[in-house]
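As structure tokens, here come the structures.
Both complexes shown next keep chain A, but they swap its partner, so chain B is in the first and chain C is in the second.
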Partner chain A sequence: MTRITLGSAVLRGTVVTVLMASLMSTSALGAPPVDLSKWSPEYVRSIAGTQNFDTAADCAKVTPLDYKGRLTFWYQGVFEGDPDLLRQYYKDFFDTFRKTYPNIQLEEQALTYNDLLDKFRTALLGNAAPMAVRLQILGGTEFASKGYLEPLKPEDVGYSTDDFWPGAMKAVTWEGVPYGIPTNNETMAFIWNADIFKRAGLDPDKPPATWDDVVKYSKQIHDKLGIAGYGLVARKNAGNTPYRFMPQLWAYGGGVFDEATANPTYEEVELDSPQSKAALQASYDMYVRDKSVPVSALTNQQADNQPLFVAGQLGMMISHPSDYDVMLDLQKKATGTDKDKAQTVIDNMRYGLIPTGPDGKRAVVFGGSNIHILKPEYVEGGKVDEPAAKAIICMWTSPEWSLKMAYAGSNPGNLNGFKTKWMKERLDNIEFLDVTTSMLPYGIPFPALPQAPEIMNIIVPDMLQNALTGAMTVDQAADDAAKRVKELMGGL
Partner chain B sequence: MTIVTGKAEARRTLQPGRSGVLRSIWEHRADYAYVLPAIAVMLIVIAYPIYYTIELSFFKTPPGLQLRDKTFIGFDNYTTILTSEVFWAVTWNTLIWTLGSTLISFVLGFATALALHRDFIGRGVLRATLIIPWVISAVAASYIWKWIYHSDFGIIGAVLVGLGLADRPPNFIDNVSTVLPSLIIVNIWREFPFAMIMMMAGLQTVPDQLLRAAKVDGANAWQRFWHVTFPHLRNVSVVTILLLAVANFNSFIIPWIMTGGGPSNASHIWITHIYELAFGRQRWGVASAYSVLLFLILMTLGYFYVRALSGNERKEGSS
Partner chain C sequence: MSTIAETAFRGRTRRHMRVDGWRWAGRLFLVFMLLYTAVPMIWMLITSIKSGFAATQFPPQWWPDEPTLASYQKLLDPQNSVGQDFLRFFWNSLFVSTVTTILSVIVAVPAAYAFSRFSFPGRNFLFFAVLLRNMFPAVIFLVPLFILMRVLGLMNTHGSLILTYLTFGLPLAIWLLKGFYDNIPVQLEQAARIDGATRFQAFILIVMPLSTPGIIATAIYSFIGAWNEYIYAYTFLSKNDQLTLPVGIQRFFSENTTDFPGLMAASFMMSVPVVVLFLVLQRYFVRALTEGAVKH
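Right, the complex of A and B next:
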């Protein structure tokens, strides 16, 4: 028989109680605010508008509203291809922040997607970075791996890690340490013009089911109507290119590494696999063989496809729901008969799932942005006002603003954003959100490696350009790109 | 009578133990004091970056590491550059870009200056109009021309297709064989007014009586140009060509904005290639080695420019 003394009984009881309480609170607090296993457009509609949030009150718990400080902040802002609606929300955010924290002197600077990484790298080399930065998902790992970023997790600004997409959190974690918080998550959709489909003899209500169909439809549209079929984008040093080519590459079963698998290791380079080459061949067929895509594809960004589409000169493209609002903005600016033509295009604008590869595989880039705090030694002046930085991060990643800042185009980083009244309003006002929501499960993040920006912004576009200009054959271009990735990973 | 000893006189008093350069510096110490702040600023903003670039060119700077984690590799970056195919392709592009832009801009500017030197109605308006490309910012010019060339919206393609001269709008800047000439045209459009202004200024210095005398002696228009006008413009021509050459060799905005060095690196010139190596790919060491080589070339051009200027000054002083 074991004798238990009163002291040890009390101790045991205390430990068990604390343990149980801890487990209970973990399950209560740690449970995701939305059930990702039920994810569907209907489910999203069912949870929209079910909860209220008070952003100022929530952020006051992180940084008091009367806090006096100074913050320098850079962010990937609105660019020429974004709708006016987004511009308004960005303006509203900074106005609200200044009203909520009147004693924080905020010096913000917006940079476009294509400029931000270069400028940020340069600033870091001169120890002249801002205190906080909102970077595209592609960039964070590079800067975290080099030790520029402070560890930062959702709990540091009053949220739970479970409030954010698990995939998005992986993209802000380097060697097991989180160093940023996702502000928004995005997947794109396939957009087509039903009127063009009809006139080209295609079913206006059915998007191409496979990428082989895209090639076929693009040729048919071009041959019948003399306009571009698919909006291929292959500009170098522009984020738009990998966002449109990688879904095609992954659908054919290819990859840079094994990033399209459930548990990627990023060990073997697969850009030169037969599947990757098949995807490159599809682009080659459209651009060189069929000449069915814009002639200007090699210098085009998505912003160049938008006017082509609204002018009725382009049949299909990949983009965000926000492109619908962009078309409305462009239509407002048109004059005379162009205005009516643009209206016809808008009336015939359709969104569908991105096509599959030959084996039924469907993929899209899981994109978005993350917000980070810099280490003081790399910041202009050598000091970081952490409470001020946490204040803006709390506000941007709140259910309210992570939803509003992604209003026209993508999804809130904070899953609670789906429960807000603004989400309900958004579902009623923004067309085609359902489609991009449906694409989320097919989202594949770019490899979370420090080398990812160079691979996606330079090596992959170079591969496309080498093949499409005839500087190399498809095989040679893919082999060359694979060799460059291997060299890069080898430290060259 | 009161004798006042001038300060200048006192300043020129020889100090025992000082000779040569030191003595000269001592004698002109007040002058040096005036330029000292400027020299200090120059050292900070020019000399240090040059020194640091030279230093970095001897280091390996892996893209996955911070710059402070660099390792010394001697001349390896220079060897890598000189043995790479890309270097020779980019150098060839740079030569075509520099020579093509410089010479054509100069010839066109000179011809326009000669035409505008004559008196005719509307000359002032024409002069002002022709200067417009030069005063437009390079960024704006790049976007304007990108749209002019645009294969799907561009006016050139539309005209060619409209006239039945092409089935499909041509790929001006999306084609490896036409991209560089297309960019050179834009560059010439932007900078020939500069050559024009320089040569117009030079033409003002040609003595009218010499031209009239040549005419009296029976010289025709070509002979007057070749034997009277051109010799007077030789120095201003050399200076103009050198200035254009330096600007073109170093030109970044037009190729970067219009094509980003593409397609397939066909429009990469040295400066855009260096930018991509450094800021896009973070090969700071290799990019620095490229920059050192570029610096040496530009210094050589600069030497000839200064020599040409000195020649001008000597000539003006002796006349």
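Right, the complex of A and C next:
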């Protein structure tokens, strides 16, 4: 299987340097334990497996292991479609927590990706929230700004702020106060099917270099093979949509605000800029002009693109490293000829860096999740067992568990996780992990604003839908979205 | 030149052909409709016996090369965590739907009878007011009902769902049943009263048996409404051991992937009670539909 050379990729260009400087600038406690300025696949390999951690002993300093208490806890769970490996680690985590803290009565509730935020919002309105919650990275600021969350920083559970990605800490900070701790952080990669590329007359081992190439390749694949070229995702109210469209928008030089710059102020709305419109035009060209993306893109989320990719009906998509594990799972469970066919898909999977814009700018969403403690008045029963909440947060954000819980699809929120033996094992076992870790320095956090969920999950997908359905022209759709963001922000 | 008899014969033949033509067109239409409604069920069944990889293949396999019952085994295996969850969710749904149905019928039968037989001030207004709840989307009531359930201490209990389902099941039940009572001649009750029966006895002995198809149809509607409901169940229940099937089935969707065979097997299993209910009670259901259509 061919793999692209990535060592030099992360060192390329000033974008990385600027972004890294930006990420490090929020460091408060001196030099970070993991040197982010050296970040590269080689560096990650060099630190993997170099340090051991005793999670129970570390967390005992935060909450004694014989502490008696009760905790209600919600989180985005892993379910039937997720890789077996990940499901096993989640099970192991809760088993281990119960063994480590036998006197804490834990009532955990796993919720699905697209429903967690809505259910949590309703529970808050009814003062029936759980004591602790793990939310997608987009959610924290909304709830912190409304006063639902207790201030919470890594030091409160025995770690240092420097143990976490500075960009991730920005996402849990509101008006200078941190309200949560990152559990995992990731950037996605560009995935393509080498066999489809070959049959379409493209270089099977070379991803499109720019987004303009993506449009061109998508058309070529569609015209020659009659299948979808690029896995456009434009469903409304699903986190998957901005995760795939924003890298394109930023690469063209656009943005919702100035979030892609080194020191964003979030003061000027840029959705109606010529660069943003160029990105939207690229999606329009693929969907309307070339018809080279799935016709179902308007209702698709990534879970709908993945089967198309597996079926050899889709040439390219943006996704997590977990897609490779999902394929391994499918292959393992298939029988007879299906097993061989699945192996063929695996053999043809290729991961590469997400394409750049016309000016060489490469960007990807800095994703992940954070864990928070609620204020008692919003919790069912009006009481929060803080030591119990801190115990589970300490354990989840530890180097050991923040790595294991993100094993197949993300990266540890606690940077010390990269030093564990499990990281070494992961590098050895998960194909293409280098690519996704190489994308991390290109990661751009969503604006840490309370309005971010509505902007990203509603307004941006609406803009796409308005343009792609022909309800508005590209210009009108971008202008309309910009206007809606301005109104939402209170007439900036 | 043809005789009058021959002309008449040809005319009758043409009419018969026209009638036969319409009859055949009707039959074809029925076959089409049958296929139209059955194909999704058949496809669901076929997908449920595929492997995860085969379920994503295109062109789709109309019949899997390697059919497997693995998804069903997983769902029905109490030793497996997926099976434990599924069986518990199934039982929870059955419990909530059955209790909702029984309560719906117990309350709707006398209420509908009262609306049908008694005259009291504000009757028409009350009768239409009953339906008001069903004129708005369910989501509007989500937060108010959530707060109400919390105040009542019913959060994370099946009682919260049963009470909520009654709020939209009862109005429909009352409306449906009133229609049936209206169609039962009041003279039958009057005759029973003349024979010495009390109003209650006349209701139990005369009206109830005659309205059985209507009560059963109403019960089926209530059961299906409660069996399929998702939003309230998702919002009011936050404990694994309480969840109902529509919520549990969502677990086959993950952030980036879907377990299609598992989802289809669970969906098929979920449809079984409703199908059995229809098969067992369909003669009552058909009678209810036809009797409700004719004004006596």
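Quick notes
Convention: the second predicted complex is superposed on the first by the 447 of 492 C-alpha atoms of A that agree within 3 Å, B and C clash if a C-alpha of one lies under 4 Å from a C-alpha of the other, contacts with A are read in each partner's own complex, and residues count from 1 in each chain.
Simple rule for what comes next: a residue touches a chain if its C-beta (ideal position, glycine included) is under 8 Å from a C-beta of that chain, and two chains touch if they have at least 3 such contacts.
Everything numeric in this text was worked out from a predicted model, so none of it was measured.
When both complexes are overlaid on chain A, the residue A:Asp115 reaches chain C alone and has no touch with chain B.
In the superposition on chain A, contact is made by A:Leu125 with both chain B and chain C.
Contacts of A:His222 after superposition on the shared chain: neither chain B nor chain C is touched. When the two structures are aligned on the shared chain, A:Arg350 is found in touch with neither chain B nor chain C.
After overlaying the two complexes on the shared chain, residue contacts for A:Gln313 are found with chain B and with chain C alike. In the superposed model, C is the one of chain B and chain C that contacts more residues of chain A.
Judged by the touch definition given at the top, the superposed model places A:Arg244 against neither chain B nor chain C. In the superposed model, A:Glu80 makes contact with chain C only, not with chain B. Comparing the two complexes, residues 122, 125, 304, 307-308, 313 of chain A contact chain B in one case and chain C in the other. Considering their complex, residues 62-67, 146, 150-153, 157, 168-171, 173-176, 258-266, 276, 279-282 of chain B touch chain A.
Note for the complex: chain C touches chain A at residues 51-58, 65-66, 68, 70, 81-82, 142-143, 146-147, 149-150, 155, 234-235, 238-240, 250-260, 262-263. On the side of chain A, the complex with chain C involves touching residues 72, 74, 76-82, 91, 107, 109-110, 112-115, 119, 122-123, 125-128, 130, 239-240, 302-304, 306-308, 310-313, 319-320, 322-323, 326, 329-331, 333-339, 341-342, 380, 409. Note for the complex: chain A touches chain B at residues 118, 121-122, 125, 145-148, 228, 234-238, 291, 294-299, 304, 307-308, 313, 450-451, 454, 457-458, 461-462, 465-466, 468-472, 488, 491.
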